[in-house]
Amino acid sequence: MNNKKVGLLAIGMCLLMIAASFSGCVETETEIEIKNPDTIVFYTIGDPKTLDPADAYDTASGEVIFSIYEGLITYKGADTETFYPSLATDWSVSNDSLTWTFNLRENVKFSNGNDFTAEDVKYSFDRVLIMDAPESGVSWILSQCMDTNSTKIIDDYTIEITLTDPYGGFLALLGYTVGYIVDKETVEAHGGVVADTENEWMKEHAVGTGPYMLDHWTHKTEVVLVKNENYWGGWDGKHVDKVVIKTADEPATRILALLNGDADFAYIPYENLEDVEGEDGVIVQPYDSYDVVLVILNTKSNNAYLAEAEVRQALSYAFNYQSAIDDAYIGYMSRLPGCIPVGMPYYETQNNGVPVYDYDLVEAEKILDDAGYTENDDGYRFNATTFRIFYNAGNAERLKMSLSFQQELTELGIISTVTTEGWPQLLHRMFATSDWDIIFMGWGPDYNDPDDYIAPFVGSADIGQDTYNTGWKNETVDEMILKAKYTTDHEERSDAYQTAFDIYIHDPPMIFIGQRQYIRPMRDWVQGYSYNPVREWYWYDYYKE
Amino acid sequence: MKTWEYITRRLILLIPVLIGVTILTFVVSHVIPADPAMHFAGGPKAQPETIERIREELHLNEPVLVQYFYYLNDLVHFDLGKSYLESRPVTDSLAQYFPATLELTIFAMLISIPLGIVGGIISAIRRNKLSDHITRFIAIVGYSLPIFWLALMFQYAFAYQIPILPLEGRLSIGVSAPPPVTGLFVVDSLLAGDLEACGSALYHLLMPAFTLGFATLALILRMTRSSMLEVMGADYIRTARAKGLSERTVIFKHALRNALIPTVTVSGLSFGALLGGAVLTETIFNWPGMGRFAASAVIGLDFNSVMGFTLVVAITYVLANLIVDLLYAVIDPRVKLGGV
Amino acid sequence: MLHLFRHSLLSMIGLALILLVVFIAIFAPLLIQEHPSYVEVSTDQGTTRVEERWDINFENKLLPPGPEHYFGTDDFGRDIYSMVVWGTQISLKLCLMVVLTATIIGVILGGVAGYFGGKIDEIIMRVTDVFLAIPYLILAMAVAAALGRSIENIMMALIVVWWPQYARLLRGQVLSIRENQYVEAARSVGASGWRILFRHILPNSFSPLLVQITLDLGAVLLVAAGLSFIGLGASPGTAEWGLMISMGRTHMFHAWWYVTFPGLAILITVLGFNLLGDGIRDITDPKLRR
Amino acid sequence: MNDEIILKTDHLKEYFPIKSGIFSKVKDYVRAVDDVDIYIQKGETLGIAGESGCGKTTLGRTILQLIKPTDGKVFFMGSDLSKINKKKLRKLRPHLQIVFQDPASSLNPRMIIKKIVGEPLVINGVAKGADLEKKVLELLKTVGLTEQHMYRYPHEFSGGQRQRIGIARALALNPDFIVLDEPTSALDVSVQAQILNLLKDLQKRFGLTYLFITHDLSVINHISDRIAIMYAGKIVEVAPTKDLFKKQLHPYTQALLSAIPIADPNIKSKRTHLRGEVPSLIHPPSGCNFHPRCPKEMPKCSKIEPELKESSKGHFVACHLY
Amino acid sequence: MQLIPDPPGKIIDGQIFFEGENLLEKRAKDMQYIRGNEISMIFQEPMTALNPVYTIGDQIAEVLILHKAVGEVDKKEIKKYDIIGKRKQKKNLKKKSIKKAVDSLRMVQIPDPEKVAEQYPHELSGGMRQRAMIAMMLACNPKLLIADEPTTALDVTVQAQIIDLMKDMQRRTNAAIWLITHDLGVIAETCDKVGVMYAGYIVEFGDVQSIFDWPNHPYTRGLLKTIPKITKKRGKLDIIPGFVPNLITPPSGCRFHPRCKYATSECKKTPPPLVEVEKNHFVACHHYEDVKLSVISKYQQVKP
C-alpha cells in the first residue's frame, strides 16, 4: 500500500460523501399513491400542554380538544360569524341580555357510553370556575360574565344561564374550548374538582362527545385520535378513522414528511415554504389571520432616550417594513395600521387602515436631528448609548427582523445589540428589570374584538393593562379604551378608537409591523379542508381522495 | 472483596456524587435571571394573582439555600417537581422518555461495539494493508464529524432520496405501541408477541442508532486495533504460537479476549458520550427520548426538567460504569473488585 | 520532531490540515471578499465589548456559489466564503482558549490531588466525579443556557465542563510517575513537594497531555457546534461555524451550500486535530511504535 | 574503618495497610519490615541479602525516611530520624543518599545530565552558575564520565553509564552514608564488575559507609564487610562476610548459599532443598516464620518467635537451634 | 522456531535442520505441527508468557487437544450438523484433556494439581508458574525443549528447584534441552555443552568442562573472570572495558575487537572463522593461541 493510494482514497471518500449527500437535486419520483387513506397525519411543532378543556389555553391543545369535546354551539367551515347548534339544538336570550336558555340535544353519548345531560353542562361550567386553572389562567374567559350560581338545570335537557354582566361575546365564549362539556361521572371518578388545582388525570385523558376520541397521547411524539362510534353526528359520508398529530422539532423532518407523503399536513416555517411550494402533490395556501407582529419599546428603560416620543417616532421610520414582509415572512404578511388588525371591526378608525409610518431613514434622521440628538464625531447619536434588542430564542423571522433593524439603526448612527433569550429569561427581563429597550413580539386573538388588542397594547397599567410593560401611559387613551369597552354604540366606539389612535400613533409605544398569514401546507389528496381562525383543525370534516 | 460488597460500596459512593450533581445543577439553574412562575402562568397574558400563587407554590420567594432544601426534600420522596414545558411532573416525563433513550443507546452500542471490534481486529491483523487504511480512515472521519450533520445527511439520503428507511419516530403510522412493560418497544412487542410492532421498532431504530453509534464505533475500532496490536506482541501470544496453535486460534482465543479489556472500558465511557449525543440525534430523528426533552427544556429554561434529566443521566452513567467494572472482572480474572 | 511524522501518512495529513487552518486564520483579513465591521457596545453589566457585524443585504440572499461568492451567500445575503474564512479565527480561538484554560485548571488541581493525596485529593476527586458523572454535552448545555448566548459564554461553559478530564488525567499521570525512582531520588536530595511536582512530574506527563490536548481541540469544536445547533451557541450575526450550520440547516434543501461549507470547515479542522493527535500519540507512545 | 556506629535501627517496623470492605476499613497489613535491629559502623559496607519480596528494599527506604516507618527508631549520627521535623531532616539529607536499582527509571528522562547531577546542589544551595558547572563536571569525572556527557539526556546512555550518573548524583552532596539498592542487578555481568569496582574505589576515596542491598550473594560477598540475611521482613542472621561464608548458622542461610549455582563445573555443590516458597508478608507463619520450610523444624518453632542473638563475636542469628 | 514476527524480523539466510529436515522449507501448517509437539519452548517470564485470562488447566489442555487429540473424536459417528453431539464430544474431550493436564502438573511436582489446574496464572507464585509452563511444554513429550532464561526471573532457592526439576524431566522424557541463559553458574551446573555468543556471533562452542577450564576466546575468558564468586577471594574484579555494542551498527571484523586486549588490525578487518581447536571445542578468534597460552601461564602460576 503506497501513500499515494491512501491519499487518493481519502479524497475520493470525501467527495463521495458530499456527492451522496447533495446529489439529489434531480427528482425522479412519480405520482405517489395516497398513503394511509384512512388516517390524517399532521406534523407540527408543539406538543399539547393539556387535554383538559378547563385548562387549555394554547393552540396545540385546542387542536386536539376541538375534535374530542364539544360545546353547546359550534362553527362550520370557514365561517366565523355564525353560531351553529352543537350540543344545544337551539337557544334564546332574555331582553336584558342576561338570561340564556339552551335546549340540549338528546340521545347524545360520551365516548365511554355515558349519557350527556344538563347535569354535565352545569358541572363543566362550574368546574372551570372552581378549578380556576392556575397554570393557564384560562378561566378568566368564563368568569368575565359567569359565576357558579349562573348555571341552572331546568330539566335533563334544558339549561338556563344567568350572566353576572351583560356580555355581547357570550356565545363566542361557549365556542371556545373552555366552554366545552366534560362527563361528570368520569371527572368525579378521577379526582373530581378541587379549587385552584388542576386535575392531573384530565390533562392526560379525555372523554368527550366529539367525533373522535383519544387513542393515546405520547408526549413529544404523537396524539392519536380514533373515531368515536357513539358520535351523534354519525359516520355517514366521508371521514377518516384515525388522526395522528405528530410532534417534530426539526423543520427538515416535517418538510421531508410532507414531501414523501407521510404527512398530510405539516407545519412549515416561512423560510422553508419554498421547499414545498410547487412540489407535486403539495398545496400551499395562505389564510389571513389576526396574528400581529410588533416591536415593543420600553419607555421606562434605563436608557432614558426611549422615553422621548421623537425617538420612538424615529425608530418607527427606521424599520424596514417591506423587508420584514418580503425577507422575514417571505411575502406572507401585510402591514398593520395600528393596534387593530385589518379585517377586525373598527380597523378603519386607524387612518382608514393606511399605515402612518413607512420606512424612511431621511425622515428618521430629520426627527432626531430636530430633537437635538445629533451624531457625534464618531458618527454615533445618543452619546454612543447601546440600544438593546431582544427576541425569543428559536424564532427565525424575528432574528431576521432584528438583525436587519440593527443595520438600519447603525445607518442612523444608533448602536445596538441583538440578543436572543429563552422565554422565561425574556419574561423576567421584560417584567422585572429595566434592562431592555426593544423586544420583538407577537399577539394572537382570544376572541374577535378590537378590545382584545388595543387595551393590552396601549392601555396603561392603571386600568389593568400594559401587558408588555412598556410603561407607556396616556390618560385620554385610557379613558377612550374604557369608553369603547363599555359602550354598545357603534359611532361612539368608533370615535373613541379614532381619538386614541391619533394620540398613540404619534407617541408610539411600539412599532406596528404587520399581520402575518397562516400557511397550512398540505397534500392535495386531502379534501374538505377549510381554514377557520377560531376553530382550526376540525378533523371530522376532512377526508382523503 | 465479595461482589455484593463491592456493589454496595459503589452504590453508597454514588450518593455523594448525586448530591454533588444536584448542587451543581441547582447552582447552574439559579444563576440565571428568569421567571419560571410567569412562564408557567402563560406569559404576558397571565394574571398577576396566578403568578404570585405559583411563585408561592414553587417557593420562589425563599432564599436559594432554602429552595435547595425543598428540592432535596422532594427528591427524597421521588418528586422532581413539575415540568413547566409539559405541565406534568418531571418524573412522569422521565418515565416516558428514559426507556426510549435507553433503547436507542443500547442499540447504538449493539451496532457500534461489534462492528468496531471486528473492524479493529481486521485493521490490526492486516496492519498497514489497504483494508487497515480504509478502516482507520473511516474511523477517524467518524469521530471528526459533527453528529447532527451526519444525522441530517443520513436522513436526506436514506429517507428522502433513496427512501429505504423511515424518516423519524419509533414506530410506523398505524402500528400501535406494545403494552408497556419495560418501555423498550422491541422488548415489549416481543413480550406481547406482536411481531409487526417489533419489526417496525427495529426498522425505525436502524438509522438513528447507527448515527448515534458511529462515533463510538470509530472509537472502539481504534481502541481494539491498538490494544490488539499490543496484545499480539505479548509473550503469551508467542507461547500460544510455540504451542503450535493455528493463527486463527491464536488471534481469536488468545489475543482477542485480552485485547477486549481496554475496549470494555472505552465502551463504558462511551456510554456517556452516547447519552450526550442522544440530545442531537433524538432532536433530528424526532425520537421521543430524554435527549430531545433535555434540549427543549434547556432552551425553554425548564430547569426542573433539566435537573431531573441530569440526575437520571448521572445515575445511568455511573451505573453503566459499575456494570463495566463488573464485566471487566469477568473478562480479566486478574482484576480484583475493590481495588480503588 | 517533524521527521517523526514521516512514518505516518495520516498524521502528516493532519499536520498539513492544521497548518492550513492556522494559515487561514492568520491571514483571514487578506483572504476574504467582504469584511465585517466592528462596533463597541455596552452590556448590562456596564462593561463594553466589541461586536462584529456583517452587512445584511437581502437582495443577495441565498445566491449559489459562483465567482462573485465562492461559497454562495446566506439568507441575509452575507458572503459565506468570507464568514467561513473569518470563522477559522473564531473557532481556533475558542478551542484554544477552552482547552488551554481547562488544561491549566486541570493540571494544577490534578497535580496537587495526585501528588499531595490525602484530603485534598479526596475533595478534588469527588468534585471531578460529580462533573464527570454528567455527559459533557449535557452539562455544557445547562451551563451555556444559564450564561446566555455568546462566544465568551460558550467558552466559559466548555471550560467548566472540560477541566475535570484534565484533572483526572493528570492525577493518574502523577500517581504513575510518582512511582518512578527519579522522584524518590529528588526527595532523597531534599527537593520540596512543589519542586518535584513542577520539575519532575509535570514535564513527564507532557506527552499524554499533549495528545489529549490535540484531540480535545477537535472535540471542543464539535461540542461547541453541537451547542450552536441546539440553539445555545454564539450570538446571532457572528461568523461562528456551528451557528452557521444551525442557521443554515433550515435552508438545507434549497441552499445546500449554506450548511456544507461551514460543515466542511468543522470536519477539516477536527479531522486535522484528530489525525495530528493520533500521530503524536503514536510517536510518544513507545508501545505502539513497532 | 573504625568502630563508630554511624547508623542504627531500633525495632524498626514498616507496615503497609490493606484496605477493603464497604467502608475501606484497614483490614490487614503487609509486614514488609518487621522489627529490624541493625547497626552500621562508619566506613564499612553492610550487605543486606534476601530473596525478592523479603522487604530489603523497603528497609533501605525506611532507613532514609523516604517512607515514614510505622514504628521503631532510626538513629543516624546520634539523632533519631523518625522523630525530627521536616526542616531538620532536610538538613540531614545531604549526609544520607541512595542509588537505585533501575537506572532507567531513576533518572528524569526530561532533564539533561547536568541538571540531574546538579539538582542536589541547587536544592541545597551549594553551588550556582559556573561554580555549579564545575562541580558537576568534577562529579562526572569522579564516576568516569566526561564533559561531553553533560548536555545529554538519560536515554542516550547505556545502563552502566546511567548507573554512574546515579552514583554521581548521590555523591554530589558529599554524603557519609549511601544506600545502594541493587545497583547492579539490572546490568550485564561485564558492566556489573565495572560498577562494583567503581563503588569500592569511591568508598576508599571518600570514606563512605554503604548499605548494600542485593539478592545476589556472590556480589555481596565481593563488596560487603558484614552481611545481614533477611527473610520475610526479618533479619535472620548477621555476620562478618568471612564468617558467614565459612559457617552459616541459620538453616535458611544454609539453604540460600547452597542454592547458588557455581560457575565452575568442577565443583558439584551439595544442595539443601527447601520446600515451598517465600511466605506472604500479609499472613506470615506463626513463630519463626521460616518454620514451614525449615529442614530442621522443631515443635517450638511454630510457636515462639526466635530472637536475634549473638552466638559468636559479631555473629548474630535468630534461630531456636542456637 | 520461526516465532519472530515478520516484519520486523526476517531470517535472511541459512538453514535450520531438525531431525534432518530443514525447518525453513516447511509450510506454516507443518510448522504448527512441529511447534509444541516436537519442539517446545519455555520463556523467561512465566508471568507474561502465560495467557492471563485462561486457567492453567485450559492452557495445558489446549496443547493436548491440538497435538495428541486425547481419545480421538470419532468423526464418522457424528453427523456433520449434529451440533449437540459435537458439543458433547467436545466437552468429553475437554474433560479428558484436563485430566491429563492435571497429570502433567503432578509430574512437575506441583502440590494439589487439581486445584492449580483451575487457577489463573496470576494466582500462582513465580516458581509455580514456571513449573506449569514446563508441564505445558512437556505435555506432548517433545524431542527438543528450548528454555529461554527459564530461571532468571526467579529467586535462587526457587531457581535451584526449577533446575533440578528440568534435569529430572530430562531424565524421564529423554528430551534434548537447549538452555539459553546469561548465568554462568546455571550453565556450569546443568549443561553438557555450551556455546558462547557475543553480538550475534557464536564465539566459542564446546564441552562445558573444556570451556570453563580452557576458555580460548578472550571474551569467554573475560566473562569468567568478571563474575564475583563466592568461592573466590575478594579483591578487585577483572573487567572487560567498554560496553556491549548495539547490533544496528556492529563493529567491523571481529565484533569483540574494540574491547579486546589482543586485538590487531586483522581483527578489525576480517571476522574470524569458527575453528575446532581441540575435539569438540570450537572458537572464533584470530588469536586463540595467545589466549590459550596466557591461560596456561596463569594456571601454572596458581598451581606451581
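So that you can tell them apart, the chains are marked A, B, C, D and E in the order they are listed, and the count of residues begins at 1 in each.
We adopt the following convention: a residue touches a chain if its C-beta (ideal position, glycine included) is under 8 Å from a C-beta of that chain, and two chains touch if they have at least 3 such contacts.
Keep in mind it's a predicted model, so treat the numbers as computed, not measured.
J.: Find the chain most remote from chain C, comparing centres computed as mean CA coordinates.
T.: Computed centres place E farthest from chain C.
J.: Taking the mean of each chain's Cα atoms, which chain ends up nearest the overall Cα mean?
T.: B
J.: Just give me the whole-number Å value for how far the CA centre of chain A lies from that of chain C.
T.: 42
J.: On a C-alpha centroid basis, what's the spacing between chain B and chain C, in Å?
T.: 23
J.: Which whole number of Å gives the spacing of the CA centres of chain D and chain E?
T.: Once rounded, the distance between the two centres reads 32 Å.
J.: In whole angstrom, what separates the CA-based centres of chain A and chain D?
T.: That gives a centre separation of 86 Å.
J.: Counting only residues that touch at least two other chains, what does the list for chain B look like?
T.: Touching at least two other chains: 32, 137, 141, 152, 156, 233, 283, 295, 299, 301.
J.: Tell me, which residues of chain C touch at least two other chains?
T.: Residues 10, 145, 148, 231, 249, 252-253, 290 of chain C each touch two or more of the other chains.
J.: Multi-chain contacts only, two chains or more: what residues does chain E have there?
T.: none
J.: Going by the contact rule at the top, pick out the chain B residues touching chain A in the complex.
T.: Within the complex, chain B touches chain A at residues 32-36, 38-47, 50, 53-54, 57, 84, 86-89, 93, 96-97, 128-130, 132-134, 137-138, 141, 152-153, 155-157, 159-161, 163, 167-170, 173-174, 176-177, 283-286, 288, 292-293, 295-296, 299-301.
J.: Per the contact definition, I'd like the list of chain C residues that touch chain B in the complex.
T.: 10, 126-127, 129-131, 133-139, 141-143, 145-148, 218, 222, 225-226, 229-232, 242, 245, 249, 252-253, 259, 263, 266-267, 270-271, 274-275, 278, 287-288, 290
J.: Which bits of chain C are touching chain D when the two form their complex?
T.: Residue list for chain C touching chain D: 180-182, 184-192, 195, 199-200, 203-204, 206.
J.: In their complex, what parts of chain B are in touch with chain C?
T.: Residues 16-18, 20-21, 23-25, 28-29, 31-32, 136-137, 140-141, 143-149, 152, 156, 222, 226, 229-230, 233, 272-273, 275-277, 279-280, 283, 294-295, 298-299, 301, 306, 309-310, 313-314, 317-318 of chain B touch chain C in their complex.
J.: Please give the residue numbers of chain B that touch chain E in the complex, ascending.
T.: So the residues of chain B touching chain E come out as 232-236, 238-247, 254, 257-258, 331-334.
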